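To start, the structure under review is shown below, and the notes come after it.
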Amino acid sequence: MRSLADYERRAKDHFAPDAWDHVQSGADAGLTLGHNRAQFDALRFMPRMLRDLTGGTTALDLLGHRHAAPILLAPVAYHRLAHPAGEVASIRAATALDTTMVVSTLASITLEEIADCARGAAHELARDLSPLWFQLYFQPDRAHSLELVRRAEAAGYQVLMVTVDAAIKRSEFALPAGVSAANLAAFPRTIQRAQAAGGQIVFGTPLADAAPTWDDIAWLRGQTQLPIVIKGLLSPEDAREAALQGVDGIVVSNHGGRVLDGLITPMAALPAMVAALEGKVPLLLDGGVRRGTDVLKALALGASAVLVGRPQLHALAVAGMPGVAHMLHMLRAEFELAMAQAGCRELSQIGAGLLA
Amino acid sequence: MRSLADYERRAKDHFAPDAWDHVQSGADAGLTLGHNRAQFDALRFMPRMLRDLTGGTTALDLLGHRHAAPILLAPVAYHRLAHPAGEVASIRAATALDTTMVVSTLASITLEEIADCARGAAHELARDLSPLWFQLYFQPDRAHSLELVRRAEAAGYQVLMVTVDAAIKRSEFALPAGVSAANLAAFPRTIQRAQAAGGQIVFGTPLADAAPTWDDIAWLRGQTQLPIVIKGLLSPEDAREAALQGVDGIVVSNHGGRVLDGLITPMAALPAMVAALEGKVPLLLDGGVRRGTDVLKALALGASAVLVGRPQLHALAVAGMPGVAHMLHMLRAEFELAMAQAGCRELSQIGAGLLA
Amino acid sequence: MRSLADYERRAKDHFAPDAWDHVQSGADAGLTLGHNRAQFDALRFMPRMLRDLTGGTTALDLLGHRHAAPILLAPVAYHRLAHPAGEVASIRAATALDTTMVVSTLASITLEEIADCARGAAHELARDLSPLWFQLYFQPDRAHSLELVRRAEAAGYQVLMVTVDAAIKRSEFALPAGVSAANLAAFPRTIQRAQAAGGQIVFGTPLADAAPTWDDIAWLRGQTQLPIVIKGLLSPEDAREAALQGVDGIVVSNHGGRVLDGLITPMAALPAMVAALEGKVPLLLDGGVRRGTDVLKALALGASAVLVGRPQLHALAVAGMPGVAHMLHMLRAEFELAMAQAGCRELSQIGAGLLA
Amino acid sequence: MRSLADYERRAKDHFAPDAWDHVQSGADAGLTLGHNRAQFDALRFMPRMLRDLTGGTTALDLLGHRHAAPILLAPVAYHRLAHPAGEVASIRAATALDTTMVVSTLASITLEEIADCARGAAHELARDLSPLWFQLYFQPDRAHSLELVRRAEAAGYQVLMVTVDAAIKRSEFALPAGVSAANLAAFPRTIQRAQAAGGQIVFGTPLADAAPTWDDIAWLRGQTQLPIVIKGLLSPEDAREAALQGVDGIVVSNHGGRVLDGLITPMAALPAMVAALEGKVPLLLDGGVRRGTDVLKALALGASAVLVGRPQLHALAVAGMPGVAHMLHMLRAEFELAMAQAGCRELSQIGAGLLA
């Protein structure tokens, strides 16, 4: 286990085949999935040598909180697909490594239990609690969305990440017994696969009609004081609109290549978004981050931080809580090493000049 | 069977080897055949998020008729190579899915029978008949070409597609017993492989001398009121000439990579043709369309609609009429999904901005 | 046997392994060898449709003589490596197909015998004799070079092709018994692998010191009235110098990738040479020509004609004289077909506009 | 054994598996390692023909000394991993081929013994001694660094190469018994893997804090009269700084892809460095040089000379001293051949015009 890829290789044997396929797969032909990795490999560093590295640090202030490193765990549904302990194991590991894990609406354990667990772990390990983030999927019924927000506020979550790129998504994966969307247990299963009029297949169905719009963002902005981070934008126009709507952060993401195959990669989209936002709103990025050098490249192009998705489940499946901690340790070690080798002592030194 | 590629994979076992080779192959080294697929994969979407999708539709007005979606079945010779029911099965499926199938001059069932069958199916299914299109190959004798046109008019065809890129084409494939060009049964087999003078091989033969020219287009224009769509242009000069000649539509096509290996791909050719035509003449496109995202990309570059060729035969061979219907259903479902995921509610929202 | 590649595939079994390696191989890692093929595949045609093709022809006037097609057989040493009949078989085939075969200095049969044979074949077949070309390698002793020129003149050769890119070339291939440089039998084997001074390996040896220079070209120009074609230039400066020296033609060539690995390909070099020469001197091209479409691409970029090297030996080895004739027939048929399909009736219509 | 690649292929069997892995591997995914080779293959020569080659030479004046060819042996640690005779065998071979071998700080034999050996070999072979170069790794304690410099001066080394790109480098390779850093035997093993504060992994450790800076270069410049060559710069800013600091030469290098994966390649970095330095400081280059044509390409882009790393160990492992001599002979022969074939008689003729 010398890199995240080693966990990935071994993880396959720890999943049921259809769950593994569900976790790993990309939409359609998986082009975007592949491009997400390739986007990093295509960039080259122009390093600086012989610079003073004493007092170096990877620390980051983001939305009013300090993070030990510019690396977060992306919201990923149903951790119990990977390990019976599910999100509880993952958040303990994240806490041990001073890392924020964004808790998904579709967590297989309730958001309250996960938050409690994080606090417990911080206490046990006698360290500060990393900021708690909750990822919201809009529910067909606004009352339900609001209920989730209120529960997250009550449970001590400090940031709300609203994922907007996966409202309309095909999936043929059926959850195994014992794994379910714990946060949604009380809501009726609202979206039926109703037949649309005139031979249409998507348009005209409740799925399309209930998909969130900018109106929903405006509404949500009016409902909560928590910082709102929109996850899943790729176009500079959308970035500008988000800024206008008072959004506090954006995750540049194509949902790990799981939704629309052929999407631009986050790294390709990032520069225009940076330009469009003029620094008003911090940009995070995910999709294919597997190496410390990937993190460095994303920051060099203007991201404030990155998130990692699938590797959480790989490490969790292979080795439970310690696996996730080890995975995070390796990624952070690689990132520190890459910074040092490239001549950067702090995040502010990482800029476009670092890329050839 | 989750995508058109699944039908293609299974179809091989349903064809005689030489027929399969005939259907699948490209000219020479198959470079163009490969490029046709690659042309789509090379493009990336720049999606818009959070846009209102209610009331979405894929409907299209083309040459005075309404189509449920911007997808047609390309003219493909001899459907009976794939299935004994031949074009009759295909057009039933097309009708069930509100789709136009362009009937080839080289259909293995007469154009009259196919048209009747479409009308019967529309009646049975109690839905509107999709527009009937007939594809014309010029015959060495103009009287024969005219006869085909008159028969098509009489049979209720509403559009004439004239294919101009395959007059001179090598083929070593021999039709099996029971499959023939039903529409041409009454014509003498005119083109003999006569030896040309001076050691020449193509030039000077009846094949080269009888190849259609712009004169033939002008002549045809004078003979019929039906809209004429030329299939097989790739250069903007030819597009302009077609517009001058009063042509009503153009299919940007390299004949599925079956004629001259090394041809530019339709997607590469499209932008210059769009520019040359200034919207005067609608452009259709075919070659390698296999996914809903391919359709979306073609429309984003300026096509009004696309046609699919080989997948008809794949689905027909594997599962007959229901296969073709299912294939069309999947393609349309994928296209609707892609539109929705990219933030487009109607075709008019699909433009160059959708590509990164 | 449907393409030149089929002969290549089968030829291997007809050669001794080291001879096959000698014929097929490129210098060092074979990069240039591979690029020579790739250079053609990278270009795309922009065809014109519906143009009149009656009276089409591939005929070409070159250096005062008519050629049936813009395709010649490149000078290739030792045809008897491929077949006991050697150059005699090849030139018969070339004559049957109205094609010029450039006879190498290193032919395994004397230039006189080959010329006689060509005349005999033309007589037998009752057709015009294709122009006779002789390829000259400068000999270390100018008297020997001159003797070769005089013999070629006497034997009726009409063009002198002087190859200048292979004077310094590594080869570990030893000719088998019975195969030798028939034209050089009377000359002493002059170049010894003498040790150079100061630890040098190439410089300072007779090999480097005797390599031909522009002085030798000037000298040769003064010695003969025959048109001189220099084979092996790639830079526009050299092309200009050749024009100044009164050279009548140039073969843009990297010697089939056999000399310096990493050389620019002829097709990449061609446009600048065309520009440098402003039409004063015709340009031929070789290296990797295997398809009719390759010929069309070379002409579209400005070559007057192309030469084919290795395919001669492949066809000769597999099927002797009829093999070479068949190979030439296929190539010419493909070229005519490609011209016709691209909308060109004569060579003058083939220009830069044909490439996308 | 016809090329350096042949030694590489056979060398594997002569190493312990972990040593082989240590020698061959690149950092992380080995991207940079691969790019180092690919950087050469991507360039194409534009050769000049028919130029006079008499009196050709590869000789070079560098930092006041004459070198037979622009090829040096890069500093490589622990030659005894490859062969019991270690650096003694290598420097004998280098001397026999009039080549400078840069002796590493981490040599497995003392720098004094190696220098003596070189002198002995030059005497034996009755040829001039190639310039002696010593490669310095800064030691955590400046006194130790100085001691190494003084020893190198005393032993007759004429150039000091200071490697600055590998101070912070992961390695899990453990030296086998009997192989050690002979030059450092007297120094305490100073860098402990101490735990850094605040969960940090690299920053805050002695490793990061002791990494050399420009201050160390300035200090060294004040301590010795020997020419100083900095090894491991890639950015033009660093090149300019080096010139300001009075450095005498720079090796453009990414340490053979062994440190930070994703680094720009030396050949990609070279042009901007050439431009930044305006000829004030000679530039050497290493990483992936395996062919004579690679050397020619590096010089064409502006390098004064190149260094080869791994091939030393390959040849040493396979065939000891004669292996290294043979390897060098082949590389120089290939380089001379390439120069001659490209039309260059001396190094000054090798310039940007040689590349297409």
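Per-chain residue numbering starts at 1, and chain names A, B, C and D are given in the order in which the chains are listed.
One rule holds for everything that comes next: a contact is a pair of C-beta atoms (placed from the backbone, for glycine too) under 8 Å apart; a residue touches a chain by one contact, two chains touch by 3 or more.
Note that the structure is predicted; figures quoted are calculated from it, not measured.
Taking each chain's centre as the mean of its C-alpha atoms, the one that lies farthest from the centre of subunit C is A. Matching the C-alpha atoms of subunit A with those of subunit D calls for a turn of 90 degrees, to the nearest 5.
Where the sister copies subunit B and subunit C meet, the same residue numbers recur on both sides for under half of the interface positions. Remark: subunit C and subunit D have CA centroids separated by 43 Å (rounded to whole angstrom).
Centres computed as Cα averages put subunit A at a distance of 61 Å from subunit C. Contact with two or more other chains is made by no residue of subunit B. Under the contact rule stated at the top, the pairs of chains that touch are A-B, A-D, B-C, C-D.
Residue ranges of subunit A in contact with subunit B, taken from their complex: 28-29, 31, 35, 164-165, 168-170, 172, 198-204, 208-209, 211-214, 216-217, 232-235, 237-238, 241, 259-265, 268-269.
Here subunit A touches subunit D in the complex through residues 2-3, 41, 43-58, 68, 97-98, 291, 293, 297, 329, 332-334, 336-342, 345, 356, going by the rule given at the top.
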